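Look for subunit A in each of the two complexes below; its partner is subunit B in the first and subunit C in the second.
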Partner chain A sequence: MVPFIYIGSSFFFLFNDNWHHIIDNVLYNYFINSMILSLGVAVCTFFIGTITAWFTSFYNFPFKKLISYFLLMPLTMPAYIIAITYVGISDQVYFLPDIRNLPGAIIMISLVLYPYVYILARGAFLEQSKELYENAQILGASPAKIFFKISMPMAKPAIVLGVTLSAMEALADYGTVEFLGIPTFTTGIFRTWFGMNDAVTATQMSGLLLTIVFIFVFIEQQSRSKVRYSESIKTQSKFSYKTPSNINKIIIIFICLLPLIFGFFIPLFQLLYWSIFTSTQMWDNGFIEIISNTIFLSFFVALLILLISILVTYIKRFKPKSLITKFMKIITLGYAIPGSVIAIAVVVPFAAFDNYINQLLSTKFNLSVGLVFSGTFFTLIFGYCIRFLTVSSRTISAGLDSVSIATDEAAKSLGVSSENILRKIHFPLLKTSIFTGFLLVFVDIVKELPLTYVLRPFNFNTLSVRAFELASHEKISDASTAAVMIVFLAMIPVSLIIKNILGKRNKL
Partner chain B sequence: MNKKLIISDLSLSYKNNNDKNQILSNIYFELDESEIGCILGPSGCGKTSLLRAIVGFENIISGTIEVNGVCLSSSSKVIPTQARKMGMVFQDYALFPNMDVRSNVAFGLEHLAKKERDEKVNYLLDIVNLKKYENKYPYELSGGEQQRVALIRALAPSPEILLLDEPFSNIDTDIKENLISNIRKLLKEFSMTSIVVTHDQNEAFNFADKISIMNKGKIEQTGSAYEIYHKPLNKFVADFVGLGTFLQITKNDSGIFTSPFGVLDDLKFDKSFFKFKNLEMFLRPDDVIHNDKSDIKAVVIEKQFRGAEFLYKLLYNDQYHLLCYAPSHHDHKIGELIGIELDIEHYVIFEK
Partner chain C sequence: MKKTYFFLYYRYEKIAFLLIFIFLSSISRANELNIYSARSEALIKPLLDIFEKENGIKVNLITGDSDILIKRLESESQNSPADIFLTIDAGALYRVKKLNLFQEIDFSFINKKNKISKDYYDKEKKWISLSKRIRTVVYAKNLNPENLLKFEDLANVEWKGKICVRSSNNIYNQSLVASLISNHGEEKAEVIIKNIVKNFAKKPSGNDRAQITSVANNECNIAIINHYYYAQMLNSKEPQEREAAKKVNITFLNQKDRGAHVNISGLGIVKYSKNKKNAYKLISFLLREDSQVWYANINYEYPVIDGLNINSLLGSWGKISLDEGSINNLGNLNYKAVRLMDRVGWQ
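Entry: the complex of A and B
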């Protein structure tokens, strides 16, 4: 809570000269760039995600299953890494356009974020009942009319959610825009904070960014609350158009492969290619330490966040009116908040707190304890918790919602103890959600850059920080080994999640 | 009168993991202009597949489907669903949840000019008394209201044939009968050639002019409700439609057929059965009449109270089961011997 109050209260601080300087010279630029970036990403991910989802939901073509699966793979690619890769490629291949500009950043970020829209749109399309489509056909509707009048309006809440998530991620992006040299809010915050050493102004900018983010969240929730389609799904069989002609099949496959090739295969193989040449220099003890740092940190923090999520979810279930439930509603907005904002919101208050403690102890007891919170794992883990608690708690609470209260009551009426209800009923039913929640957080932590970059303890490196640092020093091919490791680390859980969620529903 | 729909020798199969699964075989089915036909059969008999073949969702492997003399489906030719001019009411209505009632009804009318379209929608909404709900969304309507919307939505583009897939299965029993006769009246007013698919014989009896009994992908018998009930062509139809029991018939050396109740009258059944030795006779509960004065007695082994009457399950001569309706003031106890007599106009005989 403290970090939010701090950000909110920052507007009451004195606006210093830097603030006026920023307002006069760069803020407009930051604002315009950030808005163009997030809107551009929204538009691109909307088209890529919806079109691929539409084809893989309703048409039959060869390798459909494989393609629908791989279309999610760009989730393993942090945007800054594919930006690094493409800059590397375009430096070597002279006829490729330079991507160190706003359109370049939009394309880079969209290529890795479209899976959000794809997965949500696809889920929504597949839940639409077969009868509706058949009925529309009987009433003489063409595929285009069906698409615009039925599929899209019904999938709108899901698509809006996917697009908003992408737009917010784009707004929160630090690595890509910093690397491509585009001044945005996030880079501006860091520049003000570290370059001008002005935490207050940086916080005020964070507050502004946060306001924009909340406007996005508000828009998304507005679009959701209007919709109350209570459509029950009875049929298991899914609607699909008659198998398209061979030429159309090739066109469909081509369209679906495009984002996959550019968002996953080209960067992955380029990175692999580079890392083969540099790996001998890169694989030293230091690098192995970085890998194990990343794995241990991601694993244990994901576990911690998981435990907190389970606790929170159960409190919400059994005491829906408690203060904690309301409090959690605020906390779980965390995912919407850019990592850079969380970083500043965590560091500054804790640093102040540390100073206060030190002052107190040294004046009263003549002791010096140094830094207690700031610059330690505590702040790093705290930051992660704020940012990623949403991810796992939403997953788990969706799982728990599907276990009806009546199930608990039935078990109780049969004389089963509460402990056994959890062990024998809830755990087996929630296994997948818990597992998925854990993996999602794990992947996010492996990929996360700005938060880790700022909050990590001195001399503590992770793969994402390492890759970004090397790339920023124009050592792109040196960065490749770390980048490849990130992708591989993310690939294992992402494959598991895809298998778990989609495989079970037999929808791929 | 011209035949509106002619289905001849239709077969349909699904390929399921190299396993060919015959769904429909050699179906013949015809409907006159504005006739209401019914496909009645147990679940999984293929009746919905037949509807889907008529609309064009299933490709048939042999035979033809013709409407007004034009072939819609054959093994080599398939006219797409959109061009078939069929109307369909789905079991769970399949109303478009993102559109209000008016837009749902207007969905199939986009080829009309706006004014004409509005007039038609208004007219249809008025007919089913839904004008006041025109701006409501499907989830705000009751099941019966949703069904009426689905019905007029299907009728709006003036289809050649209206197909109804289990249309009454989600309707409460107490309003069902009324609803069935209202919808039947409406379809007749529109002179709408229709096919209803159901597993419920009472719906079939009340709704259709003509009933086809379907089992395991084959049509077993087509006829009026009376014919189906009283002159079933085979044991499946006899057993599936209404209640009844089978009695053993034997032929002695001099060629005389006897049932447990005595000698049978040769005139009351088909000569073609005379050549067989072992036959069975099918008895409806209304063939067995309760008469306290009768000398033939049977033991009550089960009874069901049905309001106006009791349905008694009886055991005759320790081995023959019979069913009998008796007015409900004839309240006999289980185990009691009661008098019965047979009143059969025409024997229903099957080869055993």
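Entry: the complex of A and C
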């Protein structure tokens, strides 16, 4: 809560002269660019994610398993890395269009974010029962009609969630737009903060950004709460895939391969090519330490965030009117605030608190303890929680939403205890969502940059910090080894995610 | 419901444990030196490792964006663990000074041999420079540089659609414009920058290396860059980078008048430093001849100590006249520079 109060409180300061300057010269531009960027990413990720999920869920074609596995892989690429890589490629290959513009940024960001939509849509499609389709077919519905009238509405909460997450992340993006030279709200915030040295106006701008996000999320939640789809029929029968004609098979494979090739293989091979020149000098003891730092940090923080999000999801289900539920609505906005803004909003209040403790101890006991929270793992983990609680808690609550409350009530009326409802009904049904939530956060932390960069303690580095620092010397080839390691490391949880979902599919 | 409360209870216990751990780990140790550095790890850690070994002082380093580190220093105030703030831009040093977070450096503690000229430290001795970075232009080899002698020449109609430069979010450009304001005043500087923006070949994007590549690819004829990026590309391990750099020439502007625009990397001792002695040891070490030459060899920056035997490439460019008078003004003019660039539409 604290960081949000900090950002919100900035509105109580007077709007100074810089606001007039910003409104007169640049605000319109920031606003339009940010809106186009986030809507563009929403549209692109929606189409790429839903279409690929649809094909891989319902059709039979060669290499289907492999393709559906690899479709998630772009998730392992940090957006700014893919942008730098493509600029590097387009500088060497003349016929490629310049991507240093708004459409370029939309494509770059969508290429690495569509897996959010894909994974959630696919999960939702796979959970839909076979009987429904068969009944629809018997009643003479065309495949298109089944898609639009049955599959889509039922998968809507999941798809909307994926699209919203992507749009929010695009809104919070700093690295990519900064590198591609697009003035947006986030670059504007930093320009005001550092260039004009005006923290108040910059925080007020963050507040404005937060308000916009709030409106988005409000609309999304409204659209979700109107209808509640819960599955009532679960069967063990094997689902029958449709087998399209050969030409259609080729078209399907082609469509599914496009995002995969552009979002994963091309940048990965370019990075590998660069790392040939530099990897020998990058591999030392320090590098191994950095890799293990990254693994431990990501794993334990993802676990912690998972526990917290299970807790709040259940509080939300059982006590929808409690104060915590309301707080959570605000905290989950964290996903759309630029990481560096969260970082500052964590640093400042904690340092103030530490200073207060010191003052208290020195006057009462003549004792000085220095900084207690600031500059420790505590603030870093705190920052991660704010930023990534959304990802896991929403994944879990999307899963929980599909378990109807009627199920709970039925179980209760049969005298099953609350604990057993959780253990015997919810947990088996939610296993996929919980595991997916955990892995998504894990991947996010491996890739995360601004929070780690600002909040990490002395002498502690992660892969993304190393990659960023080397890339900031304007040598992507130096950064390539660390970037490739990020991708490889992130591939582990991503593989598990897809295995989780595929495995579920095979059992059906 | 029981389950829910169990979770809550479990969490409190964990947090309590964490708190104790943090409390214990925050008790500081002696004979240390804590550095907040905006210079990235790769470009400072090797030197610090040598210092650590020579003096037996444990150096703790955290790197980050200079403005965010400043914010951290400011909010931690007298409890900050930082002893040294090290950065790569005169403007950032000015900001720390303005926030009254630096203490005066007593030059008598620094080895007399390492003498730097007075433009390279703060007037009130709150910070000192460690290395020099020159911002200038490279141009396509087929271009005649006769009409390209001063930075102001870039405003001529002759260069319409020919200039490449990165975004104005970048501190190098902000300092460059600040130096122009320092020399000409705001009004005249605005006219010059306005005309330069009109000559841009494309919307500013990418970094300095990308600008050099753009010249090599004939997308523009002139690129505004920091000298060391060109030097690094010439000596790159990648054939493409070397090829691109070979297609352009570097020239240093304003050699007949105020000198080329120069920025510095430097440091100051944090006001509430608890390891002052070690801080002075580090400053003496970083100004020592071998450390100074290191900057030139690793990153192609110029040392702040004159008359050193630097690497052959920098040596081959000869003695360059520099706009040293502006260094002390870059920080306080940064704000005006950013607003000026907003007004003339330099994205």
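Note that in this section the second predicted complex is superposed on the first by the 324 of 508 C-alpha atoms of A that agree within 3 Å, B and C clash if a C-alpha of one lies under 4 Å from a C-alpha of the other, contacts with A are read in each partner's own complex, and residues count from 1 in each chain.
Note that in this section a residue touches a chain if its C-beta (ideal position, glycine included) is under 8 Å from a C-beta of that chain, and two chains touch if they have at least 3 such contacts.
Note that this is a predicted model, so its numbers are computed, not measured.
Of the two partner chains, neither subunit B nor subunit C is touched by A:Thr432. Of the two partner chains placed around the shared chain by superposition, neither subunit B nor subunit C is touched by A:Asn293.
Among subunit B and subunit C, the chain that touches a larger number of residues in subunit A is C. Judged by the touch definition given at the top, the superposed model places A:Asn500 against neither subunit B nor subunit C. Shared-chain residue A:Gly375: touches subunit C; no touch with subunit B. With both structures placed on the common chain, the touch criterion links A:Ser90 to neither subunit B nor subunit C. When the two complexes are overlaid on their common chain A, residue A:Val348 makes contact with subunit C while staying clear of subunit B.
In the superposition on chain A, A:Thr407 contacts neither subunit B nor subunit C. Contact residues of subunit A toward subunit B in the complex are 129, 131-132, 134-142, 145, 149-150, 153-154, 228-232, 234.
The residues of subunit A lying in touch with subunit C in their complex are 21-22, 25-26, 87, 91-92, 94, 98, 100-101, 178-183, 187, 190-191, 193-197, 199, 274, 277-278, 307-308, 310-311, 314-315, 318, 340, 343-344, 347-348, 351-352, 354-355, 358, 368-378, 418-419, 422, 453-454, 456-459, 461, 465-466, 469-470, 472-475, 477-478. For subunit B in complex with subunit A, the residues that touch the partner chain are 55, 57, 81-84, 86-88, 90-92, 94, 96-99, 107-108, 110-111, 137, 139, 153-154, 157.
Listed in rising order, the residues of subunit C touching subunit A in the complex are 1-4, 7-8, 11, 18, 22-23, 25-28, 34, 40-43, 60-65, 67-68, 71-72, 75-81, 95, 166-167, 169, 171, 174, 202-210, 213-214, 217, 229, 232, 237-238, 240, 334-335, 337-339, 342-343, 347.
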